[in-house]
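Sharing a structure with you now.
Chain IDs A, B, C and D follow the sequence of writing; residue 1 opens each chain.
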Amino acid sequence: MKKIGFIGLGHMGNPIATNLVKAGHQVTVYDVVPEAINALTAQGAQPANTIAEICKDSDVVFTMVQTGEQVSSLCRGDEGIFKHISKDALLIDCSSIDITDSRSLHTEAESLGIAMIDAPVSGGVAGAKAATLTIMIGGSEENYNRAKPLLKQMGKTIIHAGAAGNGQAAKICNNMILGISMIAVCEGFNLAKQLGLDTKKLFDISSKASGQCWSMTSYAPVPGLVESSPANNGFKPGFSASMMLKDLLLSQRAAQTNNAPTPLGAEATALYELFVNQGNGDIDFSGIIKFIEGS
Amino acid sequence: MKKIGFIGLGHMGNPIATNLVKAGHQVTVYDVVPEAINALTAQGAQPANTIAEICKDSDVVFTMVQTGEQVSSLCRGDEGIFKHISKDALLIDCSSIDITDSRSLHTEAESLGIAMIDAPVSGGVAGAKAATLTIMIGGSEENYNRAKPLLKQMGKTIIHAGAAGNGQAAKICNNMILGISMIAVCEGFNLAKQLGLDTKKLFDISSKASGQCWSMTSYAPVPGLVESSPANNGFKPGFSASMMLKDLLLSQRAAQTNNAPTPLGAEATALYELFVNQGNGDIDFSGIIKFIEGS
Amino acid sequence: MKKIGFIGLGHMGNPIATNLVKAGHQVTVYDVVPEAINALTAQGAQPANTIAEICKDSDVVFTMVQTGEQVSSLCRGDEGIFKHISKDALLIDCSSIDITDSRSLHTEAESLGIAMIDAPVSGGVAGAKAATLTIMIGGSEENYNRAKPLLKQMGKTIIHAGAAGNGQAAKICNNMILGISMIAVCEGFNLAKQLGLDTKKLFDISSKASGQCWSMTSYAPVPGLVESSPANNGFKPGFSASMMLKDLLLSQRAAQTNNAPTPLGAEATALYELFVNQGNGDIDFSGIIKFIEGS
Amino acid sequence: MKKIGFIGLGHMGNPIATNLVKAGHQVTVYDVVPEAINALTAQGAQPANTIAEICKDSDVVFTMVQTGEQVSSLCRGDEGIFKHISKDALLIDCSSIDITDSRSLHTEAESLGIAMIDAPVSGGVAGAKAATLTIMIGGSEENYNRAKPLLKQMGKTIIHAGAAGNGQAAKICNNMILGISMIAVCEGFNLAKQLGLDTKKLFDISSKASGQCWSMTSYAPVPGLVESSPANNGFKPGFSASMMLKDLLLSQRAAQTNNAPTPLGAEATALYELFVNQGNGDIDFSGIIKFIEGS
């Protein structure tokens, strides 16, 4: 049993914190939305009114918010985590944020003698509920090992991606490839259809050939091919187009800051942005096939 | 044992025809390059001087050339296959050509009572030599079944993709997805490197995650990850960048003719064209990572 | 006064042929749609039932249709123009078609001793009505000079772009640059708006700076900047998005056939195709700003 | 005569500060590179060792550096401009930097009662020397009017683009359109060449038609068309490819932060990044035609 402080109880934070409560930990929770706190106290968590209360006596403090600016404002300042967290505690940032922001926080934490890892997750709300998330860790081997038993109660695959910020790096590199290959599959499936080639036939061929990719064989964007695909469920996410866009934008910021040309990553980002701006942000990201098809 | 006429003895035609000779068939061969004919007669094939000779008494006539124009000129006219092939024979076009050209030839063949299939192959020179090609068939079920035993002596995976031209359609849809996903992997690997994330680490993570694709897990474009990758062999093809460009150009022609938008397919085509025009056509197509890296 | 045969009486052919009638020529007309013929006979043209009638005694024969296939079927075969046109006449193809198709027709015409030019037009229906078209000519200097007085009655700017097919080449090169720069202006205007920079201010600055282009200064895609812009008229064309897409597709076919990489041309084509496929083909091509804005 | 402090004496800062000295102002200068200071003192400027010295008694303080981080570190902290500048003075940031960074500095300056404008310039080293720069101002009307007489001694066109940060916004919107249209012209010129259409002929046609743009008519990327073009001078800049890339990257950061899709802007950025990474950063930005041509 650990004493855990948890900040950020949204779509992802809620089920993760719930799992930690269920695992028997003493969890103190905070969010800017009071209802979000209430939802967790109903599960057995303790409410907190300030970051200082979250930090007090906690062995581990989690943050799970939307942006680097939010993590920064939670960590920094007189009311922040860096000021109030115990020197014996571990700070785990599960947010998906800009890698430069993440590394800046790591550097400051290290200079203050605070143990920290970045630990962005993938797997969506369903994965958070089922505790089957993939969690990618950036930080020291030692801190990775400290966190691992706890993270195992939140996810299935816990991977040490390297030094500070590398959890973020791994997530955005993977998801950039994912976003591109999903559009590639949509283009290929639509082209096949227009050419009079049955989609199922292309699926059967490419699944076992050089066009194989997870977007096709585990998440096919047309109904009837892969049972668990959102395509069979009206493109209800799953992993929403707006979440994919967020990760693609992070990949582009990282790429542009680090002199790494990503011509297809850039184009995939633009296409998801056009798609989301047309009002499709809440659709599963595989629903971009409708945009490609013009349907 | 079949009597086979074989036209087109280049990089691909040579090993395929050789395998047919070795399988015990009586093979008559033709090419515009005399040396190409000699290379086959040295293996036991019979030389022919005209298409009429190729067709005479043949149970099966193969064509394996570069462009739709070439197949058309072989088939049409007073000296062509359509005029000289037996009504009992089967015409198998193994060339990778424009789908409209292919269907036009099918239509004409059918009107003349000539049995024909399109049967483009993938697997490269190595696959042709080892008789491990994947062969995608367009044409009637009946003609597919007639061809299958023979094609089994040339390749490992023989697939009926549907009606006339669908062999071509399947190949270009698959290879368009392949070309895009290869560049996606190159972008992701280079971005990881620039972010200080070890390529091997990203490989380990993404191979089992949503970024997984054949270009990564079976053909990784950096050394040391997948043993059989051309990256371990100085990017010696394998499947050359210029052959990938040819297939991408075919995909774009098909897409544009059939009102199927392929924004990433178009961009991948342009990138391969820029890469090939800089003198890299003979490098394996995974070598485009050098272009992305700027190395 | 010339005796003129005119084939193809659609949106463009109708006003052009009408202008030729008004200029005092004896015009015989043909179209597959009887109503289209009637519309011209009401203006004083003579109807024809066959291409042979069109060609008989004509000094000049015009074709103004949609595709290279259509021009080819008008020209070739026993009922075609090549068979029936007088050796003293001039054939003027005003259609915008694939450059390879155009050159193939030129070659055949030349071998038959028939004088021919390609003369695609730009300026839209409004330009056709007002006889202010820009007409780009491909063919010999001699044939250009023969055609010029007549073309001056249809358009304002008559340009000799060079040898056979170069009229087509000039049009698609120009229009590819146009399509790209229009999207560039839309992206720039929308970015300015999102950044809180008044569009009018950006217009004032860039109009006199290095971002200046015709798409901005003569055809601005937002209301209130350029009086004649379709943006001031609900994006009523003008030059429709589907006509722009047609020209972009021609540019891509030419580029891909001739080993000329056009990464931005390819992307602009894909964007117009996505836009048109969403049902916007009849909107002016500058209306793509709605697609960029997500409005 | 004004008392001026000037920080940042690189390629651009040097000639601008020199012009201010020549105009009779009392200029105190600072740079991290001692030689850069010496070069200005040789022109009659006074050297300073600290920002405090620069600010002391100055009516105007200029900053002309590379990045938002640099401007921030010059302005903030105990040794910074915000601490030492007179409340009666005007701070003019001529750097081209991220718009968010610029606005953050404006906000802080305003809260401290410091008058500030952003005033990025375009026109390159040649324009800086000749005092013909275009200078785009963001800030209050009042501060714009205060700065204008001085800026008139540095540039020819002084434009008020609106509130804080809008100088930056105007520059990057303009230059994004510029970068895209330059590549568009390169693609069009190369396509023309491959089609056998003389570049000069396309230039003559498009210069007066809908493909017209500054990149073509004032800065044509092939020799012999526009006398002042770097193409006539071996692509010696002018405006270097790396400076264009910097502005495109700024445009992409702004676009992505502000939910403004720029598919062609993104692609142009990737192309310039590939071009620069191949070692072409010091070539004029119009030299990207070599990349498109594959020469």
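In this section, a contact is a pair of C-beta atoms (placed from the backbone, for glycine too) under 8 Å apart; a residue touches a chain by one contact, two chains touch by 3 or more.
If you're wondering where the values come from, they're calculated on a predicted model, not measured in any experiment.
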Third chains touching both chain B and chain A: C, D
Selected interface, A-D versus A-C, where C-beta contact pairs are more numerous: A-D
Centroid distance [mean C-alpha coordinates] between chain D and chain C, Å: 40
Geometric centre distance via CA averages, chain C-chain A, whole Å: 50
Chain A and chain D, separation of their C-alpha mean positions in angstrom: 38
Residues of chain D touching at least two other chains: 259, 261-263, 267, 271, 274, 277, 292, 294
Touching residues (chain side chain D, partner chain B) in the complex: 263, 267, 274, 277-279, 291-294
For the chain A and chain D complex, residues of the former touching the latter: 249, 252-253, 256, 259, 261-263, 266-267, 269-271, 273-274, 277
Complex contacts: residues of chain D adjacent to chain C: 99, 122, 134, 136, 157, 159, 161-163, 165-166, 169-170, 172-178, 180-181, 183-185, 187-198, 201-202, 204-206, 208-216, 218-219, 251, 254-255, 258-265, 267-268, 271, 292, 294
